[in-house]
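Before I ask anything, let me first share the structure, which is written out below as structure tokens.
Naming follows writing order (A, B, C and D), and every chain is counted from residue 1.
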Amino acid sequence: MSETFTIAHARSWIDGFASRCDEQKAYLTELDSAIGDADHGANMARGMGAVRGALSADEPQALDALFKAVGMTLVSSVGGASGPLYGTFFLRVGMTSGAVDSLDGAGLSASLHAGVKGIVDRGKAEAEDKTMFDAMAPALDALDASLAEGGDLAAAASAAAEAAAAGRDATEPLQARKGRASYLGERSIGHIDPGAASTALLFDALAEALS
Amino acid sequence: MSETFTIAHARSWIDGFASRCDEQKAYLTELDSAIGDADHGANMARGMGAVRGALSADEPQALDALFKAVGMTLVSSVGGASGPLYGTFFLRVGMTSGAVDSLDGAGLSASLHAGVKGIVDRGKAEAEDKTMFDAMAPALDALDASLAEGGDLAAAASAAAEAAAAGRDATEPLQARKGRASYLGERSIGHIDPGAASTALLFDALAEALS
Amino acid sequence: MKKLINSPETVLADALTGIEAADPSVRVDHVNRVIYRAAPKVDGKVALVSGGGSGHEPLHGGFVGYGMLDAACAGEVFTSPTPDQMQAATKEVDRGAGVLHIVKNYTGDVMNFEMAAELAAAESGVEVATVVTADDVAVQDSLYTAGRRGVGVTVLLEKIVGAAAEEGRDLAAVKAIADKVAANGRSMGMALTSCTVPAAGKPTFDLPEDQMEIGIGIHGEPGRHREPLASAKDIAAQLVEPILADADFTGDPAIVMLNGMGGSPLIELYLMYGEVAALLEKAGVSVARTLVGNYITSLDMAGCSVTVLKADDEILSLWDAPVETAGLRWGR
Amino acid sequence: MKKLINSPETVLADALTGIEAADPSVRVDHVNRVIYRAAPKVDGKVALVSGGGSGHEPLHGGFVGYGMLDAACAGEVFTSPTPDQMQAATKEVDRGAGVLHIVKNYTGDVMNFEMAAELAAAESGVEVATVVTADDVAVQDSLYTAGRRGVGVTVLLEKIVGAAAEEGRDLAAVKAIADKVAANGRSMGMALTSCTVPAAGKPTFDLPEDQMEIGIGIHGEPGRHREPLASAKDIAAQLVEPILADADFTGDPAIVMLNGMGGSPLIELYLMYGEVAALLEKAGVSVARTLVGNYITSLDMAGCSVTVLKADDEILSLWDAPVETAGLRWGR
């Protein structure tokens, strides 16, 4: 049970996300085969693998440095749509966190909001475009609601993870309007968005890190 | 029951061979798929189809003209190994038949021998090289033996057809030493030679024409 | 999965090694995964940088050389390259006259090139202009899509704009001709089979023996719709009609490309071009130049695409100008 | 069977229509199925006629043009053309200096070209010389086979000998250089998949997911032996070793071709070339010129072949001479 999000939590979050991307590589690629180009699993596994490598070479002691390293590594090792998007997410999370080694609930929420705003700035996604944003947005709403109700960080993160998973599942009936799934028109309906699925992993990792 | 091989027999022989090539196209190609390049059925069907067309346009009244037309048409419409080989066969059959409208048994035998010699001149095949020659040679032996025993043309042709079929089957255990099956080395063993199979059709058609 | 590879992870690195070994006229930066001309352009000329996911060969690496690109950034298979790669290439090829980025319209490519242009301008002061190709008529360009995909016209654009840069035109002029080509090309593609992404290890989609996908892009994604397998004549109509419905190609000379997706043999591509040419003639399109072959591919996918570019005298003379690359070569 | 065709029976006729539409520098005789240069050679120069079954494109039709062939006779898929076709082509291209027939060593091709040469000499008095390529080391050249198959070296030969003819050498000299090239080239091929002959409608052989054929020719025939599917590095060794074991390639410059069988994408061919180049370097072979791509194919077969030609200054300078065909083009 934690009231602060520490750099140890941050590390464990990133590490947990990396493990999940690796374990779920085939699943993410499977989703991307149906409505994309069959590389989302490889992209995320490669990127988060590179992040692990970068963080083990250099151990940043402040949250801004840590997340900047994560973001820069993703930007420079992933490519595709997910590279700039997840990269920008972490860069913005870091910028807003600042040169500190921990955040309270409000601080974490503000950082995550800045990250999601980064994704929207880059990708212009709106709700129900069938993108990772559709898992991000409800996750943050749930996190904020839990904190507002006085929940601790563990509870808030676990609510966020649940909401992200629900958001992921809710992309299934949508027709894509962003990213390469949009080229499929109505044929994109009936499939879960791969980026929303990786975002659900992201919040699941956060919940575990804070549990 | 006939003691002479007439131009009507010749026509019916050619026509029967054309029908058989057409009906057995897939079978001949199947054999050629195993140890060749999957075109013997198409080649023979195309060639004998062209022969039918040529003979219906122009009705030669002498055996030499008829067989020359068959041979020339095969040479100019088949290509591959079988085009020059069957083409030369019929050209030589025609040259030896001469400008007559019928042949006796000895005459027919001499013409067929000339045809087979043409094949050997062109292709240098020897016995057990696993080629059409391995159906041709026993067929002529059987024809000659039957005639020598006093058999009529129908009996002789039917003996030839049986021997050609046996020759065809006897190619199965052989390792090819001529044609493209030879490239396979030992892998050519265990498959019937496609050209021997079409030669069996040739003698089957002759037997029917004379029956 | 049957491929001539060592392992899915090393496909790109190994292919770059092979390209470098095969073609003495290019040089490969293996760290940044950029293919450069071995003999760089002279000072004062605009340089062209393109790039994208791998798996579309000869695009883009095979188009590096005199008369076309100065650098091609190679991403992983079907994954756009990263801003670092593009930024490194941009800095390397700049000859003081600025750099044109040639970008196919995909979310990933656009975002990565955007970040690269920001970085290049901020860090090294290189002037960057960008052209985005978006010629795929299978996709409606609307608020409800990521816009049309950039496909075949990219090949024609790299040739034509490469010639303009070689002539010594300035960045604005080079960008203007690039925009003109991008605006006047249309493409439509189809697949007989899926392709297999090495890292995925199996075909991206299943396509029954009697079906085909119409309106595919170049990433093995399913097309706009699935249709019963048809004759070449019929397929040609399904590709040409949407192109002609989308823009008027009469009255000007056209450059036409019949492109193979990688797994269809040349005999079929020629055959298809015969059908396409007949349809274009019937529609009153006068074809001035033709390209038939594998130019912008989808790994081992069987299928083809048609690109029609409305040209003019300027474009035709840039098209005819000398080019010396692995993928396109004439005039020297 | 999934192919971009109208019907198996019309594949060749339709493809010839497409070739003619696509390439203004050739002219097609649709009755005889011969592809000619649109602008014939001048009087007094030796002419080159090649030909063979279709399904190997760009060979041979794509090599008709300045610096290579004067005519290519197209047979049905995998079926050598007939003597009529070759004879018509021979008469048509003769400029009074004689004609070289370029024949790949297959029983059918050899017999049909033999008949054509007899006819051409008898009927029109055209002097004909013949070169037969037989470079496939997968096959032992012995009394117990039809000799080695003619494969990849045919491409190199058509280029090199085409340049010699363009220079104005006489028939004996042209034949001499042709024989030298034929004698000094070796090839070895492999398949990941079978191809599908249109008229047969299904793959010529079945090849399980984990197996490959080593020592194939170019007609979709099974190879010399079946092996477990291996890495690119391993496959390269299985192709290069028999070539190097068959002839000594050290001490002279080599021309190397890494050829695709039609269904393997360029990224894999480049990757394979990287492995081949490494092996050749280790063996002390000094590679002077390289060709990577689909040049002599087997319809849609996935796989590749390696050809190594022991060259010399004369051969290299003929190789570098200008050529302008759909399949190979440089220097003009």
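Everything that follows uses one rule, which is that a residue touches a chain if its C-beta (ideal position, glycine included) is under 8 Å from a C-beta of that chain, and two chains touch if they have at least 3 such contacts.
This is a predicted model, so every value here is computed, not measured.
**Q** Need the most distant chain from subunit A, centre defined as the mean of C-alpha atoms.
**A** Chain B.
**Q** Please report how many Å separate the Cα centroid of subunit A from that of subunit B, as a whole number.
**A** About 75 Å, centre to centre.
**Q** Cα centroid separation between subunit A and subunit C, in whole Å?
**A** 32
**Q** How many angstrom between the C-alpha centroids of subunit D and subunit C?
**A** 29
**Q** Would you mind listing the residues of subunit D that make contact with two or more other chains?
**A** 77
**Q** I need the residues of subunit A touching at least two other chains; which ones are they?
**A** In subunit A, no residue touches at least two other chains, as defined above.
**Q** Examine which chains touch each other and state the graph shape they make (line, ring, star, complete, other).
**A** Drawn as a graph, the chains make an open path, so a line.
**Q** What pairs of chains are touching here?
**A** A-C, B-D, C-D
**Q** List the residues on subunit C that touch subunit D in their complex, please.
**A** Subunit C residues touching subunit D: 1-7, 11, 14-15, 17-23, 54-55, 57-58, 62, 77, 192-193, 209, 212, 229, 231-233, 235, 258, 262-275, 277-278, 290, 292, 294, 297, 299-300, 302-304, 324, 326, 329-332.
**Q** Provide the residue numbers of subunit D that touch subunit B in the complex, in ascending order.
**A** On the subunit D side, the touching residues are 53, 75-84, 106-108, 111-112, 114-115, 138-140, 143-146, 149, 197, 199-200, 204-205, 217, 219-222, 224-225.
**Q** Which of the residues in subunit B end up touching subunit D in this complex?
**A** Residues 29, 33-39, 41-43, 46, 75-85, 122-123, 175, 177-180, 182-185, 187 of subunit B touch subunit D in their complex.
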